[in-house]
């Protein structure tokens, strides 16, 4: 099973990160990882997952999987499918794709059985404690009101990062904590790490940057 | 705020427990409570909540509330509404009405602010630990496959009751544990209590009984 | 079965329209109806439905019902429940409580079987045509972007009203058309009727008015 | 834009149709199409879509797309994505992935704008009339209770096929009708066509067959 990368780039459904652009972004992540020795994971869309995983040497995470067993489940993406496509892990419960508590529980277990690394998103420390109680590999705290703003959570709401780290460790010692929302540069990353986070989850800060490769280089500079 | 009653009867959407029949059932609960000194709470439908709460002297719980603030939320039932209707608390996340983890978190907090007692349902010990991490007043563990079967969870799957009690206490010492699914008589209740549960959540065992009053009397006999 | 009232007031989940305030609003509607001879229907929350229906003599509509048959459906509100509570009909598919197409189909049929008048909301003419194809008693077109703005659909987007009337009549001759979103006075109502609507669905324009009774009197002045 | 193929094979989330097995199944479809001159379309999972579309020469349909515009929509699959992956069209509203009426309306329009062929599933003639009112390229009627049974809808419930054809044509002359559920051989296909359907939607009858290629050859024999 893959470690949780200290920098995880979520491609979302941005046109800038679909098809060939997904591949380019992943290659830029690979290049910066090689240069700096800091692992950068990428989260392409379901549709681009297999191609990115087969052509680029970085940890690849799905953006979501469904709480569906293989079988008669039209339109669902199972843990089995993403593993077979070469994914190392998956985001779960992103604020743009929230899950039922019970489904989240089922899917964490199913991912574990498939050897997939699980990163469960949560909006605050209380949700993070509940997410942590499912014993995923990581909890990523992202206050939804900061997503896409460029105002980093580590600056706008440092307490939420500290409270999340405390809440998660209380219920699941081995779960690491990422923080996201508004993260755009190395200073933000450094601040997040100093607040107790193990890494960051970023999206628009890289995907919509004029120079995504340079943006990743900057982010990585904040990792000690 | 109301204590969590040791016996909580969920009327669901049974025709046998709508309108005037809801009132009769609640009166039977009141009578058995008075006779025995064991508090029996009732969970009528949204539509019958106000009438039952105003006419009968038992703890009244909603079957669900929505994670909606007062305002422009057509068709939603807010914590404020059920409190104003006279409810003492509410079930949340019943297997027939599962909630998003984030909504469940928001609604637990909103209920607390309204002085409503929260009973969060969960399918097993892992879900119960996540539910417990939200610090509700009670977690009710109900393996969905046993609901409505007449085979009590305390007999079919005693481990799930014990594991739930342990998991919940681990994350929230003050949260009590109910158990449900297949409970029909005092023996089942007694077994549940011996496994560490603080009470039971029942539905068809009372609502569909030939003599619901007698069924409640029998259930209550299992409370020490 | 009740006719579709030409003015239907949706109480939503506004604090101003819960409990005793729901009753006062419904009484104001009753008073204006009696004075003017124009029927005003009211849509209280699930929790206030029974009390409003038993104490006030106006058509009472639920804000929503679930596509659930009576039985083991915790937290759901069935057509049977609202009829037994005294409702004459129900809104369905409001923009704040959208439904699956298949559930909407099932629930329209179930409401018909219970003798409930169905008012299906839709965001535009195409959705209205699909809604009309289910043959409800009324389709209410409400462009979501105008809800609560005070800018009436009849002024901001008159074409949507005309196109909806045409689309609905094309698939279901007997279905009437209401229009909503931003309606606050008699001028708006008059404009809606001139565009081919049979009536209006209003909420904040009445519920949040300084003087709801006066607001209803003004609205009704637009009915020919 | 692709025509609607007279035989459309839905791979669902069957393990038998994931990854390399998806490719093999699609190649078998290609072979039978070439042999017989009857077009067979395939619906692989999101994860296999791009690879099947690039390596096999048959019409490729997604199993679903989300009503999401490109952008900040983690875990969603947009019409743009599947088109860029090489899909010709998509299933929508399958009984295992039902959609909100409003989302279905939005996504039909978005697919049309991307040049994707839309096949909207419906459970019966009334739902099919509503689906047809959205003017998709095809409506596929599949009584959910027959899915996966091997009892063909054309035999178990011929009236539903006839009623659907009539209902759809009433609201959208150019929309074709497929029928599905329980279809396994050429006799079933022939019966469906005689009832007025333009083609069939099949899944387990092919995917779980001992010899899927032979199963497709048999199905195709029923096309006139």
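In this document, chain identifiers A, B, C and D correspond to the written order of the chains, with residue numbering beginning at 1 in each.
Everything below uses one rule, namely that contacts are C-beta pairs under 8 Å (C-beta built on N, C-alpha and C of every residue); 3 or more make two chains touch, one makes a residue touch a chain.
Quick caveat, the model's predicted, so the values are computed rather than measured.
Undergrad: Compare the CA centroid of chain C with every other chain's and tell me the farthest one.
TA: Farthest by centroid: A.
Undergrad: Calculate how many whole Å lie between the centre of chain A and the centre of chain D, each centre taken as the average of the chain's C-alpha atoms.
TA: Each chain's C-alpha centroid was found; their separation is 33 Å.
Undergrad: What is the distance, in whole Å, between the centres of chain C and chain D, each centre taken as the mean of its C-alpha atoms?
TA: That pair's centroid distance is 37 Å.
Undergrad: Using mean CA coordinates as chain centres, what's the gap between chain B and chain D in Å?
TA: For chain B versus chain D, the centre distance works out to 43 Å.
Undergrad: Which residues does chain B have that touch at least 2 chains other than itself?
TA: 95
Undergrad: Among line, ring, star, complete and other, which one matches the pattern of chain touches?
TA: Shape of the chain contacts: a ring, since each chain touches exactly two and the loop closes.
Undergrad: Which residues of chain B touch chain C in the complex?
TA: Where chain B meets chain C, its residues are 10, 12-15, 18-19, 43, 45-51, 62-64, 68-78, 80-82, 84-85, 91, 94-97, 147-148, 203-204.
Undergrad: For a test of understanding, state which residues of chain D touch chain C in their complex under the given definition.
TA: These residues of chain D touch chain C: 93, 95, 98-105, 109, 122-124, 126-127, 129-135, 170-171.
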